[in-house]
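Below, subunit A partners subunit B and then partners subunit C, in two separate complexes.
And now, the complex of A and B:
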């Protein structure tokens, strides 16, 4: 115990010594996270010659910092201009962007930064302390259990549909149908690809994300002078530090919410193959379910912004756990880190902490220090970043469209993806104008293929026996929890109405 | 002044030679300066996997011979099909675009489902390594030996994680089932990382995969059987050859990573293609390759150069094997 504490202290000191690497990397991460199509994973790949030239610890600090900062950065355009840069930030604009339109963009950014940093820092500490235990989660969360986890996220469609049941369900089913395009996961048979090679691997997420959210929004805001409401314009005329601190305070007073939702992210993050998109939707759905004011979600509700941001940063620390303890990368960025670390002679797996404990602890320490530094360096920037919302839409809308089209192009470098983003933009525009919720479509597009993968895997394992869905104890507990979380909002609502009737 | 020009044979030949040389000069100059820019490499699997590791190790040396860098593009999906379809459908056949694939599972794929292009329209010209497939379990698995697996498989159907249905390792385990009467249910887990994860976390009873990825997983896994010769001994837990254990005559179930090229490119630009081949061979002569390969987690015993002929033989063998096992691997 004493030896571990001494080692941790020594690793902390070493990590702090790399502040000069971390601070510029934080800004690099914010930029790549904020640009749709870029991510920590592809940036590490692009900069791999540089990373390989660094010594082991510096390379590790660089990659981990970039990973954390990119995750946080993805929330910035999602909040300010409705462009989620990654699938992990897809739930962020649900409440972040309405806050911006109300002229509370500065507060929204502060809330996002504080939730991300505290959520990330807290889950890093938990992961560090409970690593062996957390690594076991993957041993219990198999295909059947993951189907139920997916359904938690997909049930958000039902919540959205509650406002207009038929339209909500149609939008959700449309999303699921779009999500089923591509080759099947068992025999690789193409379905619904319409002969386009570009759709063999399914509908690419970034064009769908930016098209449905950002391009369609650009078509709508062009009809106005600025994206802000009248009240919002007044609020944004005199940005002040007070608004930044108000956001910080609003996030801090909801610390329990940050803790709870970031732990959801951590637990989902430690499951190999699960990712930030699942975590952010599940956290949002859970936050809404247990809220006393579920009707406020989607209108610029603070808890609705905290939940996905805390959760997707919880995933960041979670993905390191299977990598370090089991040698299995939990996500794409962790997989790239594995390649780089292997070049440095690090062999991940159960004996890593016996052979090179400084590497294992060093990664978590780098994560903790980078979250601390981010809190200090990024929060003050919210005041200046939020000014983008005051740009007249005649400039902003074309900028959004060109920015997002480039973002759609970047991950695969296909012109097709730019056309696809435009097509999703038109679809999103029609949906908005006719009262269909684009978020319901998007949930289907993002979570549908994942649900199908786990579903087919479970059926293949059971040789087609559908009762396999109820064959595991943890799975059954999750089923009950799912049913409860679907019923609870109605129960709360009924109780609230009864209370209102009793109270004169 | 009257000047009479006589076109005799000598004048004709020398004029023709000069004209040909003049016309050919730009081409020759181009050939001499190839490559003028980086080479794009289409990788039909995700970044961070075994192919990515091998690609980076090999091209880190090859680029010093060729004088330009290699730029990878990752196109995973549909068991490698996406990468090949994109390469054949989108990349210019000009020797500046190559594909780095696995001649085992990816060629098997063509036997399961024909691609939209003719499989002879591309060919492999540079084999980097060859490694056999293996049976392995997670470190905490109750199965200690392959006999434990077979015995249990004779009582109940065991789930077997595989990177994809059409994989040499899948054929190996089906052949073992045929031989011993054990029942195995193949579960495609989409990629090497997930296949290792499936075995480690108990999602499946055990997994089969290319041994290089299993070695890279370190002590998180234990290898119990090799579908071929165990060339690395302890690193595969001294697991034995299937033929040795069960008295079978199964051909080695191999994966072989290799660079491929459009046939049209090699035919239209023979000088460029020759330059690629020369420098590929030079790379193997450089001792730095072994260092880079080992540093990337590769087993040096698997490094094995193969040229156009060896690769063609491998490809043909895989197509034949695929045709034989097609009904079992497609559920048909």
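And now, the complex of A and C:
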């Protein structure tokens, strides 16, 4: 115990010594996270020669910091201009953007930064302490259990649909159908591709995200001079530090909410392939389910912003657990880290913490230190970042379109993806103008192919027996939890209405 | 049937666009998997079946509303005079042009032209100097960050090629 403590202290000191690498990397991460198409994974690949030239510890510090900062950065445009930087931040604008329109963008940014940093820091500590236990989560999560986890995310469509049930469900199921485009996972039969070879791998997420959120939003915002409401403009006329501190305080008083939603992110992050988008949707849905004021979600509710932000940062530490303990990367960025670490001769598995403990603990320490540094460096910037919302839309809309459309091109380098983003933009524009929720369509596009993959895997294993979905203990517990989480809001709602009748 | 003057009729024509697209797309999707193995069909048929059912319910509901005078089959919520007044149609045209030209002109030049033209359209051709300066700064800034500094594989044209040659040869 004493040896481990001494080792951790020594690793902490070494990591702090790299502050000069971490601070510029934080700003780089915020930029690449904020622009759709420029994920941390892409940036690490672009800077791979630089990373390989660094010594192992510096390279790890650089990659981990970039990873965390990009995750946090993705929330900034989601809050300020309704454009999530990555799919992991797709649930953030549901409540973040309405806050901005009310002139509370500065508070929203502070809330997002605090919940991201605390959520990330806390889950890093939990992951460090409970690594052997968490690593086993991946072993217990098979196709059936994953189907139920996906359904937790998809059930958010039902929440979104609450205002107009049929339209919400049509949007969600259309998204699921669009997500089914591509070759089937068993025989590679092309389905719904309209003859485009570029769609054989399925609908790429970034063009869908860019089109549904950014392009359609740009076509909408030009109706006003600035994106803020009149009240919002008045609030933004005299930005002050008080608004930043108000946001920090509002997040801190909801520390319990940060804790449990970030743990949802950690557990989902541990499951290889699950990722931040599922975690943020599940966390948002669960937050709404157990809220005393579910009707406020979607109107600029603080808990609705905290849940996805702390969950998607909880995922960052979760993805490192299977990487370090089992050598299985939990996501794209973790896979690239694996390549860099293997280049430096690092061997993964339980022996890593015996042979090279400074590497295993060093990654978590780098994550913890980067979250602390981010809190100190980014929160003061929220006052200035929120000024973006005062830029006239005649400048803002064309900038959004040009940079996000090129962002759609970057991941695969197909011109086709720019046209695809434009097509999604038109779909998103029609959806917004006619009362269909673009987030419901996006949830379908993200989760549709994953759900199909796990569904087929379960059916193949059981030779087509559908009852396999209820064949595992953990799966059945999750089914019960899913049903309870769908029924509870109605029960709470009825109880609340009864109370209102009793005490008018 | 009396129409409530406080609640204007809904433009159901616009609201039916997405369900109509969904029906067309789902039927097309079914046609591509009709003779496929069951693994390619099972998910799409179940999801598509639910989607078709939802669309049929919505069509029936919309027709009912039209019959009661609560809605009309118009598109006033999608296409309006505002599209011309705000320059939205112009922005759509310049955006399509941007996608079309960027492969030939390269990122920097195409972005400058797109920003310049669309900002002018949206500002009704006022403040030409400011618009030109903003467009130039944004396009050159994008080139400096994404192409010069990070060497990302953005679409490249003669500007990028010229700058590369200039920077290489000092």
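Operating definition for what follows: the second predicted complex is superposed on the first by the 504 of 504 C-alpha atoms of A that agree within 3 Å, B and C clash if a C-alpha of one lies under 4 Å from a C-alpha of the other, contacts with A are read in each partner's own complex, and residues count from 1 in each chain.
We take it that a residue touches a chain if its C-beta (ideal position, glycine included) is under 8 Å from a C-beta of that chain, and two chains touch if they have at least 3 such contacts.
These figures come from a predicted structure and were not determined experimentally.
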item: Partner chain(s) touched by A:64 [first = subunit B, second = subunit C, both, neither]; value: neither
item: Subunit B versus subunit C as contact partner of A:435, first or second or both or neither; value: second
item: Which superposed partner A:336 touches (first subunit B, second subunit C, both, neither); value: first
item: Which of subunit B and subunit C A:186 touches, first, second, both or neither; value: both
item: Which of subunit B and subunit C A:415 touches, first, second, both or neither; value: second
item: Contacts of A:170 with subunit B and subunit C, given as first, second, both or neither; value: second
item: Partner chain(s) touched by A:459 [first = subunit B, second = subunit C, both, neither]; value: second
item: Dominant toucher of subunit A (residue count), subunit B or subunit C; value: C
item: Set of subunit A residues, in rising order, touched by both subunit B and subunit C; value: 185-187, 189-190, 413, 460
item: Complex contacts: residues of subunit A adjacent to subunit C; value: 31, 43, 46-47, 166-167, 169-171, 173-174, 176-178, 180-181, 184-187, 189-194, 215, 218-219, 222-223, 393-395, 397-399, 401-403, 405-406, 409-410, 413, 415, 418-419, 422, 425, 427, 430-431, 433-436, 448, 451-452, 455-456, 459-460, 464
item: Subunit A contact footprint on subunit C (complex, rising order); value: 11, 14-15, 17-19, 21-22, 25-26, 28-29, 32-33, 36-40, 42-44, 47-48, 50-51, 54-55, 57-58, 61, 77-78, 82, 86-88, 91-92, 94-96, 98-99, 102-103, 107, 111, 114-115, 118-119, 122-123, 134, 138, 142, 145-146, 150-155
item: List of subunit B residues in touch with subunit A within their complex; value: 46-49, 52-53, 56, 73, 75-79, 81-82, 85-86, 89-90, 109, 112-113, 116, 139, 157, 159, 164-166, 185, 187-190, 193-194, 196-197, 200-204, 216-220, 295-297, 330-331
item: Sites on subunit A touched by subunit B in the complex; value: 41, 45, 48, 138-139, 142-143, 182-183, 185-190, 197, 200-202, 272-273, 322, 326-329, 332, 335-336, 338-339, 342-343, 345, 347-351, 412-413, 453, 457, 460-461, 463
